[in-house]
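These notes open a run of structures that come right after.
In what comes next, subunit A is part of two complexes: it sits with subunit B in the first one and with subunit C in the second one.
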Partner chain A sequence: MTLSLALEARDLSQLPSRRDEDWRWTDLRGLIRELPAPSPEATADVSAGPFGTEGEAELLVVNGRVCGDAGLLVLREGEARVVRLRFVSATAATGHGVKLAVSLAPGAHLTLLESYEGQAPDYLVDAALNVRLETGARLERVVLAGDHAEGVSVSTASVSLAPGADFAQTVLTDGARRQRLETRVEHPGESAVVRMDGAYLIADRRHADLTTAVNHSGTDGTTDQLVKGVVADQGRGVFQGRITVSPGADRTDARMGHHALLLSDRAEVNAKPELLIFADDVACAHGNTVGALDEDALFYAQQRGIPEAEARAMLTEAFIGEVIDRIVHNGAREVARAWAAKRRVG
Partner chain B sequence: MPAVKKTVDSVEALERYQHGFITTVDQEFAPKGLSADIVRFISAKKQEPEWMLEWRLAAYERWLAMDEPDWAKVSFPKIDYQDSYYYAAPKEKIGPMSLDEVDPEILATYAKLGIPLREQEVLAGVQGAPKYAVDAVFDSVSVVTTFKKELAAVGVIFCSFSEAVREHPELVKKYLGTVVPASDNYFACLNSAVFSDGSFVYVPPGVRCPMELSTYFRINAAESGQFERTLIIADKGAYVSYLEGCTAPMRDENQLHAAVVELVTLDDAEIKYSTVQNWYPGDPETGKGGIYNFVTKRADCRGDRSKVSWTQVETGSAITWKYPSCVLRGKDSVGEFYSIAITNGRQQADTGTKMIHLGEGTRSRIISKGISAGRSSNTYRGLVSAHPKAKGARNFTQCDSLLIGKTCAAHTVPYIEARNGQSVFEHEATTTRLSDDQLFYVMQRGLSQEEAVQLLVNGFVKDVLQELPMEFAVEAQKLVAISLEGSVG
Partner chain C sequence: MLSIKNLHARVEAAEILKGLSLELPAGEVHAIMGPNGAGKSTLSYVLTGRQGYEVTDGTATLDGEDLLSLEANERAARGVFLSFQYPLEIPGVPAMTFLRTAMNAQHKARGEPEVSATEFLKRAREVAGQLKMDFDMLKRPLNVGFSGGEKKRMEIFQMAMLSPRLLILDETDSGLDIDALKIVADGVNALRSPDRAMLVITHYQRLLDYIRPDKVHVLAAGRIAATGGPELAHELEREGYDKYARAA
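Here is the complex of A and B:
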């Protein structure tokens, strides 16, 4: 059951529903009553995306059609590149799917600045990214999901790594009518390193779902995950993280942290941090906290003369800042910081 | 550390499964299989009033329309519900009886299990030893309940479920199915249709139950399932501590145990519910046989400032699938869950708890320690949720898993659902193996590898063991040792 199947077959019954364990908090079948018409070819206003002119090249996808040079996503041995990948949904009340492949030869280094831009309401999008990293390749993926408040969007990245590869990602979102950003990683161990971070800042009635699954199949793998979220108004944040350590994947070191702040009485956070362990020589841990802003910290800030609203904003920004600080690419980090500052939902 | 010493001592006296014997006693069975007629048969056997039969039949109708759930991380061949006896009872008259009327074979069984059924035996124990009353359930019927008179003197009702239906229908009607509705889930629904016996406890307002109450469940008959139902009500300001124990013979077939436990606490009341689950786990090598323990346990903290504390030591069963839960409805009510789940051989366990915060200022605490060894699989699955009205709800959860050996599995699957901005939930989990350094240190002090493992494991589960009532703590500690036997080396 996936959105892409439903779009391809034009069959509502293919939509995942809350009865599907992996979709229990992001129900699409209950939400979508009819499938919209396929998105037309469109000439959208694509002047500048959220990453501006960071990087040296751009691959543009409008209404599911690749407009730029798709070859940008295939890196030869030892090549290094910073590429903006923009998914633009330009037409209201239509739906489309898109599939792209990213492949990095041994030793290649890609910084992928990926953005989702919703320019019209009521669209339905399914974006699938297939990523392959060969030995010693490095990918830093920074995702800025700027969907329309009335858009429905699912993005799935399937990542497979060769030994010694290095995959790092930071997903930033402010949600949509319903939105899911999913990443699945096949982790071979053998000194491959994975970092999977995320932050969600949700207000109004928006919904964002960050789902990740990492499967360690070999020895000596490392996964480090930090996801933080702030939810205000009637927003809803979902985090599902699964780390699997397969039989024989000894000396795996996997850590997962998810921490969320609820800023209103009607805000909602649902979390499921899962550890599935089939090997004994491992160090795996997860931590999960959900709560309100620290009253003591608020009091302290106010006592120093900072008005309450500003103090709240400061504290939430600092809270999310921990995730943003881990972005390696300087330009992307600054863009992310500005994004977070603008979306202070205190 | 006397507790540790106790474990080390018990290591020598170990057997694989000590309670696997079969009692030969004349038994009466309902015909094999499940139908509305069987439900009527059970109800008639229990001499139940019409309303009870209707309740059962309604549950049976619903059960027919339900699908068996499959989301737990356990796997087993499909159960043929028609290939089992739903009622098995020693051939004796039903109803309250004196000990002299009980089949001596059954008495001998309980003696062998170390369960005192003769009140004087309990009294003859060490001076000052805590007294506890026992309801002994043998297959489908309760054979005896001790200390009833003494309990009745303070107003506490402690009897078998069938007796409660006859003697206290108003209480049963008022509370039965209000915590776990008949249609709650597949196995609870099956239980509602065919439940045969169990314990009933009512503690009146302001009474602190003068002794520990306990029920001892024994499956004896072959090809049968046990479906008991327990209902405990602590009225305003009451307190009761209840212990549950269970064993079964070693058989090559799988037997289903689908019980329902309902707890109700009113204002300022407290129930402490402890379980030492030691069903036959099946053959450790082949995985043949053993009990399927699919149980629904739930507490409803209806009253303000009420409290329910679940403590469980899960060592037996081929498959354990249960989540003792607390619905924290009353203002400032408290739920606690302390669990040790040990799997060895080919056992599978998917167990944990649910803390559902509905009322203001409700608090809950979950401490779960899972240990897997052999080729077993051990999953902690837990839900903590806060309703928008549960302002100031707090939860702290700690789940630690310990892996012993290369072929076992340990999973942690917590669900957290927070629906208001004034609740605080904290969850932490770790999965590790026994540290080589610690093992080396302990063995260097002269302990064998097996003893060293047990010592470290006892340290690992200490937080939970100390929540158990004294007499259970000792038993639990022995069980930990037995369950892990053969897991190293």
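Here is the complex of A and C:
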């Protein structure tokens, strides 16, 4: 059951609901009472996305229609490029789905600067990426989800890796009416490396769900995950992280960290970190914390002369900064930093 | 400079300060000594405006201005600096960034122009040199992974950079070995001047061998139980706080 199936079949019963364990905190069936009309072909103002002119090529997807050459996401052996991939939802009260394939031949290197841009309220969007990395290929995916406060957005990336591939991603979001950003990785071990980071800054009544699942099926694989969030007002953040180490996937090194700050009494974080380990010789660790801003640190900053509001902003920005610092692409890292500074919540 | 009169303060339901009075003139260094739980740290937090410390009676003024009605950052801008017993770690904020933000916030509050990056760096290099600090330490997140001694040195570094008028040193000697203690004390002594005043809070007489006080106050059960010259610190070292604790 997915949003795209529901949109295609025009069948509300295809929507995931709270009865699906993986969707219990991001109920779509309870939210969507009526399926909207399919999104029309639209000309939106697409002058510049959040990544500006970083990189050398852009692939635009407006209302689920690919405007341009999807071949930009298919890299031949040894090829390298930086591509902006922009999903624009431009029409109110309509819905659309889109599927794209990203394919990297051996030794190829892609930096994918992916943005979700909500230009109208009340849209439904389901975007699916199918990603394949061959031996020695490298993908850094930086996702900036800038959905509309009244948009409903689901993005799913299914990633499969060959031995020795390197997949790194950072998902940044400030939520939507309901929003799910999901990544599933088939990890073959065999010196393949995965980094899966995320940051959510949620205010008002927005909702963001970062769900990830990594399945280690071979020996000597690495997964490193750091997700941080700050939730204010009546916002809600969801983190579901599952790392499975299959039988025989020895010498897997898997680390998961999720840390969130709640800035109001009515803010909510739902976290489900899971390490499922069926192999013996592994190094796995996870840490999960949800708490308030450190009052001692706040007083320390104030005692040095920094006004309270500024001190709060400085501390929350620094908290998220740890995730942003791990972005490899320089331009994207600066865009992310500016994004975090602008979206100071609380 | 600092005038405290009949100060009463509570933390939650417990009254900690019970009528404390103290006059600290400009140019002088006063030590506050006392047993655990006497209210030494409470005094430093009440003077600097920490939340949760409620003043129920009395006054504290800095050059005649009521301190107690000001926010913590406003007190800092007027020149009140607390060197923390346990300096906080601030992950993700380089020491330099933190300090420059603080300095400019203070300047802004006083209506002074911002300090340029060049000016700031030049001064930071000088001061770090005087305190025998590795300059690269200032590029690291503030106090994260620093040893106890490094943290205390960082406090003195910030103090020297911010150039406060009223310096409150809370157990600055704790966690310091003798070499670090000398460096920190030299840093503090370098800041002694006719227009500054210092309140040195300490358990032990040892620190006062290096930072020579003009006066020593014994704080017991929430008020000043005795005041004397430097010799009082030696007496306390020999005889302990018992008689003051009992008298209180």
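Just so it is clear, the second predicted complex is superposed on the first by the 346 of 346 C-alpha atoms of A that agree within 3 Å, B and C clash if a C-alpha of one lies under 4 Å from a C-alpha of the other, contacts with A are read in each partner's own complex, and residues count from 1 in each chain.
The rule is simple: a residue touches a chain if its C-beta (ideal position, glycine included) is under 8 Å from a C-beta of that chain, and two chains touch if they have at least 3 such contacts.
In this text the structure is predicted, and so the values were computed from the model without any measurement.
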First, second, both or neither for A:Ala318, with subunit B first and subunit C second: second
Partner chain in contact with A:Val290 - subunit B first, subunit C second, else both or neither: first
Subunit B versus subunit C as contact partner of A:Leu262, first or second or both or neither: first
Partner chain in contact with A:Leu5 - subunit B first, subunit C second, else both or neither: neither
First, second, both or neither for A:Ala279, with subunit B first and subunit C second: first
Complex contact set, residues of subunit A against subunit B: 21, 247-248, 260, 262-292
Residue ranges of subunit A in contact with subunit C within the complex: 294-297, 299-308, 310-311, 314-315, 317-319, 321-322
List of subunit B residues in touch with subunit A within their complex: 71, 388, 391, 401, 403-433
Residues of subunit C that touch subunit A when the two form their complex: 48-51, 71-73, 76-77, 81-82, 84, 87-93, 98-99, 101-103, 105-106, 109, 141, 158, 162
